[in-house]
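What follows is a pair of complexes built around chain A, which joins chain B in one and chain C in the other.
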Partner chain A sequence: MTRRWRWRVVLATVIGLATGVLAAAARPPKFAYQRVTLPNGLVAILHQDRSTPIVNIQLWYHVGSKDERPGRTGFAHFFEHLMFKGSRNVEPEQHTSIIASVGGQANAYTTEDTTVFWQTVPSQYLPLALWMEADRLATLRIDQDTFVREREVVKEERRMRIENQPYGRLNEIIYEQAFTTHPYRHPVIGSMDDLNAATLEDVRDFYATYYVPSNVTVVIAGDFDVAEAEGLVRQYLGRVPKAERAVPRDIPREPAQKAEKRVVVAENVPLPAVVVAHHITYDGHPDAYPLHIAAKVLSDGQSSRIYQRLVYQSGLALTAFGQANLIEHPNLFYAAAIVNPGQSPEAVEKALIAELDRIKAEGVSPRELQRSKNQFARDYILGRETVQQKATHLAHAEVLHADITTADGEFDIFQNITQADVKRVAGTYFTPQSRVVIHIMPKGGLQ
Partner chain B sequence: MTAMFMTRRIRPLIVCALALAAASAVTTLRAQGPDRRQPPPLGPPPALRLPAVQKGTLANGVPLWLIEQHRVPLVQVNVLLRGGSSLDRAGRYGMASLVAAMLDEGAGSRSALELADAVEFLGAELSTSSSFDYSAIRMSSPVRNLDAALPLMADVLLRPTFPANELDRLRKERLTALVQAQDNPAAIIGYAFPRVVFGPAHRYGTPATGLAPALTAITPDDVRAFYREHYTAGHAAVVVVGDITLADAKARLDRAFTGWSSTAGAAPTAAPIPTAPQLTRREVVIIDKPGAAQSQIRIGWVGVPRSTGEYAILQVLNTILGGSFTSRLNQNLRERNGYTYGASSGFDMRTSAGPFLAGAGVQTDKTAEALREFFVELDGIRKPVPAAELDKAKNYVALGFPAEFETSRDLAQKLEEMIVFSLPDDTFQSFVGAVTRVTAAEVQQAADRYIRGDRMAVVVVGDRKVIEPGIAALKLGPLRVVPVEEFFK
Partner chain C sequence: MRVFSIAALVLTVATTAAVAQTAQQWPREFPPRPLQARAMAFPPFEVKTLANGLTVVVVSQNEQPAISMRMIVRAGSAQDPKGKLGLAMLTAALLDQGAGARSAQQLAEEVDFMGAALGSGAGTDLSFINTVVMKDDYLNGLGIMADVARRPTFVPAEIERQRQQALSALKVAAEDPESVADLVVERLIFGFHPYGMPGSGTADTIRGLTRDDFVAFHRQHFVPNNALLAVVGDITSADALRGIEQHFGDWARGTVPPFTPVDPPQPTRRVIVIDRPDAVQTEIRVGHLGIPRKHADFEAVSQSVKILGGEGGNRLQGVLRSSRQLTYGASADLNTYKWSGAIIAQTNTQTPNTVEALRLIVDEFARLQREKVSDNELEAAQAYAVGSYPLSIETPDQLATQVLNMLFYELPVDNLPKFRERIEGVSPEEIQRIARWFIRPDQLSVVLVGNASAFVDRLKGAGFPLVERVPIGRLDLLSADFLKP
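Up next is the complex of A and B:
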């Protein structure tokens, strides 16, 4: 109730809202779900939604690129590929083939923090999907030939995504400059040298360490009977033996940056780019939510301050964008701009920093705050339309926030953020000593 | 909240496995009780319950198609204008795309930024776009803000101001993007392949967004003239999906679109694009990009229009060949050989016959080997397809169909497709049955007619000095080396 009241205060200050059309977005219904912890440590979350006769099954392994050992960057993602190479009762690549033959989709992805395997199938094939997921969690099989061939595929993925794209290395450059110690320093895809150095022994170790029931959250969302689904989870995933040792969490921390860092790098790019980054907090920290709003106002879309100033008004930049990368451990906010021909990187840097300084000094306007909240409410609804999206939100809350209630609690947290909150976090994080400035210049000089 | 991630899979989806034998020296990594030796039995597939399409007409005669969808308090409103880039005149390729992009760069009393701010403030989304077949203004709005959002959409549709400075800015953005594209092999191939197949004169030989000479020549008056001619009620249709009834939607749209001319006496839609002449012999085009990390390969020719009577057969055929992760092309080039992250194929079906193409980004030093394997599959698909593989592909297409109707956007997309291509009312209801009836003989006949690797264009962007000798040794046909700039003129 306090919340609603605060809402009206916010609204009253918004100019030109006499009609009341723009009241706070209606709160979407909360997720109904059942959460079960099995004796082997695996967590299962079941969310019923009978609107389409399909079901989405996701397994979140709490292991990502930040868990990789030095000299083995890219291994978590490479391992994700290997999980499709067969287990005791499933032939190599048969997992995808079986899912396809029942009209389903299957895929996987790896982030800095997690490795996620998912499939969406017509609802009667839920048992089939759980059977295959259990089989590869329990009895993965990898031989040397498969290992070597799949490594070539991953290397090609790196060439496609990173090396064959102008500015494809932008993220890599930002992170290797901004981080000195924490494994966020290296990209999820890893380096070619490290991929080449990986061995079958590494595969065995990684599997025994991280691919264990206590490191898995399975989420099932869609058209199924809850009791029946729980029975299936117990029947298949519940019988995978418990791990003998705890999953290690000894990830090196990033020491606080003491002074502004400035770097100029030469890259194969057609036009210079400028990045201004700041070290920020982690996903789930109370400051994370106002930081999202600050980032949205600064750098999300054409009405954002940075886009308006650098692209629309001054013509300094061809494009400008940014984001607060809020993930499991403290990460970065960054704004980046591609310098228009005839303009200088120095002027672009100055304009980017001026916008960050302005949000520190002035915060955001009532209208900007309200706009962000309305956009957030829309994204919240649109982002929970499909069973796959719903399962993803539930898993994210469970695995990365260690608090499943945030899957819909975030709606209220966002709607309650004040102008003062945004100004405070801008002041906390957008400081000169936390700043990293990078100029990316075309190799061989300006064209 | 969302982290950067690497997906494992290629976009074009998944199918038919070649049952790979288990490799010999396999290590089982963890012991496990024998509860999974048999896969669980499969139940019958669920019935497809398609939501009802309701049809009405706005006061000015514009057709209104609607699907009620009350799960979330949102409404999707899409206004479609027939024609799209197909209406571009010679020398002005890129016009329809630029006009669509200009619609929300100033409309009614608002500037571009004021408009964007007003839309975002309502928690709505508004976008404009143009393809070869049609242009569209699409808006999604919370149902409670719909009455505030529709006038903004009406401004964009009926009262765009086309400010000269915004036109210059958009033009400059597009010209700069064209310069950047010439450094990016994956972008270059997108310009080069259609040009090789369709030539410079046919509209499909140039991307919808156009090239520098035409973009530079377009004036604000050209933009206004194109808009006046084509953004009329007689060329329009409206699709609505969401938390709203037909009567309610009609009343609100009539109110918002007051003043939109009636369809009475409207000029007929422009004649469709002529079918391009089919290629008759295989030809290889190499575009040199020294130091490229990968070679981009596209192989193809003129395909079929969306109106083809063989739609279901071609979906099954392409699923076997390259439409999914477990298709033959990807199994061969990725899984068996590791040449690529993903190889795929597809028919780009438009009002007129768009291209059929197969392609991949491959290791530079395996370019010739990859090309050889492409032709193994393009030739192989013309031989009879084994029954198990056919069944698997049919299941993939038929059983996966219900998932294409999950969200409001999915539903709106399906309605757009029906309207733009004038598809029969029972198109979606009858699709699963049509797929189920596809026979091996039909697939083979279609392959024989539509997949002729010996007559297709082969276009490769890559490091010429490394790849040319191997490609030449394949003796695929006449080989030309064309400079990148040729495709941007």
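Up next is the complex of A and C:
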């Protein structure tokens, strides 16, 4: 089987067949799911998987840091914290303990585009989880004391993740340099000054605006009876009142960058870092898929171009990678490296740009393209093992692509990408005028 | 019983204003009752030993068309010879940098093209090689794994490359406060016992390693009678075993050198402050010696540590985060190794709160030793452990890892499915008996990595009169006073 498949690869290369006929080694099973829209606007997706008697429940609120206004950054993430502070029938801090006391796990995270609350519980506790989620969606307690106290926890989170880590500010630096207008300019955790300036009214207003059923997708994956689960969703989440106003989506667009930007910053880092970024498109755009392939050719595995050139062959970098950050609105492709002692950031920058230019000039080889597709198939399969992973893929397709069929469909889209597609998107996006080059140097100079 | 205790947690009077209108119409009610519980069949697995002593685990499960292979070799950084710290780590890193007839680049190209993944590394007691392939590539993947485990070439150019990478990584880790705190607390607790030594070596020891060292370490430890191999995923057990026989059946037994570490030293109750003047937070570690994994009281000790700072319990999180907002996270871990172990609590807090956070952690150690754990608290912790067990074996890979762990620590694998009896067999009295001898507030070692001058003067008043201060640039894990000369 394996040998025959290899032969087909070679053959296809020689006679120039469309790569679409080169199926990857194995096609993962397709998702079966049901999609329901409740009268209050909430969307529910049910995916049955009876292999283990557990169920994962995720609520995706379509609000992230990009929905925040200047001067009020950090709200989406702060709300992720506040949602554990009690609601009409659930005492503060008890959400996680109650889930734990039945043997479940619960947590939440915030991105630029979404705020996600999840729990995995033994399957008989599906009603409990939905009941608690509905409770905090409808009746979150928001008071001055909680607000002020939880703000201190968020400040510690920021110190821990960003301020007290070598390279912890790397992301922040990249985005504040690359964006001028779109809220992707500010970090998800936001500014502590903004959080300090926030009033209780601001917080309540944010809740009333974004924490409404029409802004929520619930995905349930695991061992349940579909009709019963749908009934429970209707019973608990269905009774949350419909919002009186539509969720605002007036997010400012980023104007096209006209000329290359270059920045040198001094930070608390042990070794210099170099970032070469380009403005690209959004997740789900037809160009997004070849950009992912370009990233794989550049840096997935030890045979990838950036690893080979910067780490293996020249020893320029301790670590180096290229990545397409494809999210809901146009974002960045960036190649980055940590510069080894004795090597210069200039040489590292030159090597990174040379690799991006090479894709533009030469494209990728048939073998590299097939390698990337095989690696994509691997990620796809290994990324859908647990009920939580499955639910996440379904939610991502529904909320960020506004098209649930992509949860499966992306597999085939990737397998059909051609060499010409990759070369074309490199030509479109890896231009000097869309480039941002950042050198992050150790404070106090090189040792 | 469970439903009532939940009700008690939720139905108290709401005193604060929720969003007004909704709240008025929203019912006040008890949480819903659970549905009928669904039975969990413990997934099947097979354990076999080949004629050459290689222990093999097979878990057959065909939901996804992938197969994962995990090998464990019973030698890790604890087996680093004196003066050769980092040998196990660097040996493991070199395994896939040239093996059998393939160069490092050929190996990388072949693995990547298959859409496979290959990784190797070393921990404290063991080294590992992990491979994932799509199901059609099983024999190819196993062949590569056999080369990597049995026939690494240790090419001089690759050794130099990995050495440079290891040296750069040490440079970065030396300025990472979490990493520094972890290394120093282990060195304090275990002293100069192998478990106290840095597995990633020091710049001097890494520079001193030679090709002969790697060859010798590999020859001594990477033998079938010192290894375990799990094959997991979309393959029948017969096919899995046939492949293993083909690629590992002729692997020759070897004589593994005996390992007889001295006991860890008596606790010294030191407080080490690693000074990092530009820090905005202090990394805090507090701990003492624990038990080896095979200890008869492992289950009860583990539960008492979870109550102190683990999943399903965690008093530290309750006090430090929920009540006092001093941190984003606090926890305590029971690290159990083959020969010994440690209990280590950790958190981080902004510099001005350092002493208060430390004081609270130490108080929680004392409270656990002094007071009996309440029935409710233990019941909740055990309910979590029992209920969440199926989550921990959801994928075949997770199950195989648990089986490998049991085999590695020479524990009976037949006990795995008896998780409920094992967990619920521990009583509050048992926890208290355990806490009395196990939890030792008087023997705690303390490490603080942060801006020392902002808090050292207050440590004395908080009951820590003897403080040793080490500038981060002068930290030397191999000297008794942690100071480079």
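Methods note: the second predicted complex is superposed on the first by the 425 of 447 C-alpha atoms of A that agree within 3 Å, B and C clash if a C-alpha of one lies under 4 Å from a C-alpha of the other, contacts with A are read in each partner's own complex, and residues count from 1 in each chain.
Note that a contact is a pair of C-beta atoms (placed from the backbone, for glycine too) under 8 Å apart; a residue touches a chain by one contact, two chains touch by 3 or more.
Values in this document were obtained by computation on a predicted structure and should not be read as measured data.
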item	value
Fit or clash between chain C and chain B when superposed on chain A	clash
Which superposed partner A:E260 touches (first chain B, second chain C, both, neither)	neither
Which of chain B and chain C A:D193 touches, first, second, both or neither	neither
Which of chain B and chain C A:E346 touches, first, second, both or neither	neither
Touched partner set for A:N171, first chain B, second chain C, both or neither	first
Chain B versus chain C as contact partner of A:I327, first or second or both or neither	first
Which superposed partner A:D412 touches (first chain B, second chain C, both, neither)	neither
First (chain B), second (chain C), both or neither touched by A:E80	first
Chain B versus chain C as contact partner of A:E228, first or second or both or neither	second
Residues on chain A lying within both footprints (that of chain B and that of chain C)	25-26, 28, 51-54, 86, 88-89, 91, 93-94, 97-98, 100-105, 120, 122-125, 127-128, 131-132, 135, 138-143, 146, 149-150, 152-153, 156-157, 159-160, 163-166, 204, 207-208, 223, 236, 240-241, 270-271, 301-303, 308, 312, 315, 318, 340-341, 367, 370-371, 374-375, 377-378, 381-382, 385-387
Complex contacts: residues of chain A adjacent to chain C	1-2, 5, 24-29, 51-54, 86-91, 93-94, 97-98, 100-105, 120-128, 131-132, 135, 138-143, 146, 149-150, 152-153, 155-157, 159-160, 163-166, 204, 207-208, 223, 228, 236, 240-241, 268-271, 300-304, 308, 311-312, 315, 318, 338, 340-341, 367, 370-371, 373-378, 381-382, 384-387
Sites on chain A touched by chain B in the complex	19, 21-23, 25-26, 28, 51-54, 77, 80-81, 84, 86, 88-89, 91-94, 96-113, 120, 122-125, 127-128, 131-132, 134-135, 138-146, 149-153, 156-157, 159-161, 163-166, 171, 188-189, 200, 203-204, 207-208, 223, 235-236, 239-241, 270-271, 283, 292, 301-303, 308, 312, 315, 318-319, 325-327, 340-341, 367, 370-371, 374-375, 377-378, 381-382, 385-387, 396
Interfacial residue positions of chain C with respect to chain A in the complex	2, 5-6, 9-12, 14, 16-19, 22-23, 25-29, 31-40, 63-66, 104-105, 107-109, 111-117, 132, 134-137, 139-140, 161, 164-165, 167-169, 171-172, 174-178, 278-281, 283, 311-312, 321-322, 325-329, 348-350, 380, 383-391, 393-395, 397
Chain B - residues contacting chain A, complex	1, 3-9, 13-17, 19-33, 35-37, 39-40, 42-49, 71-74, 112-113, 116-117, 120-125, 140, 142, 144-145, 147-148, 169, 173, 176, 179-180, 183-186, 292-294, 324-326, 331, 334-341, 361-363, 391-392, 395-403, 405-408
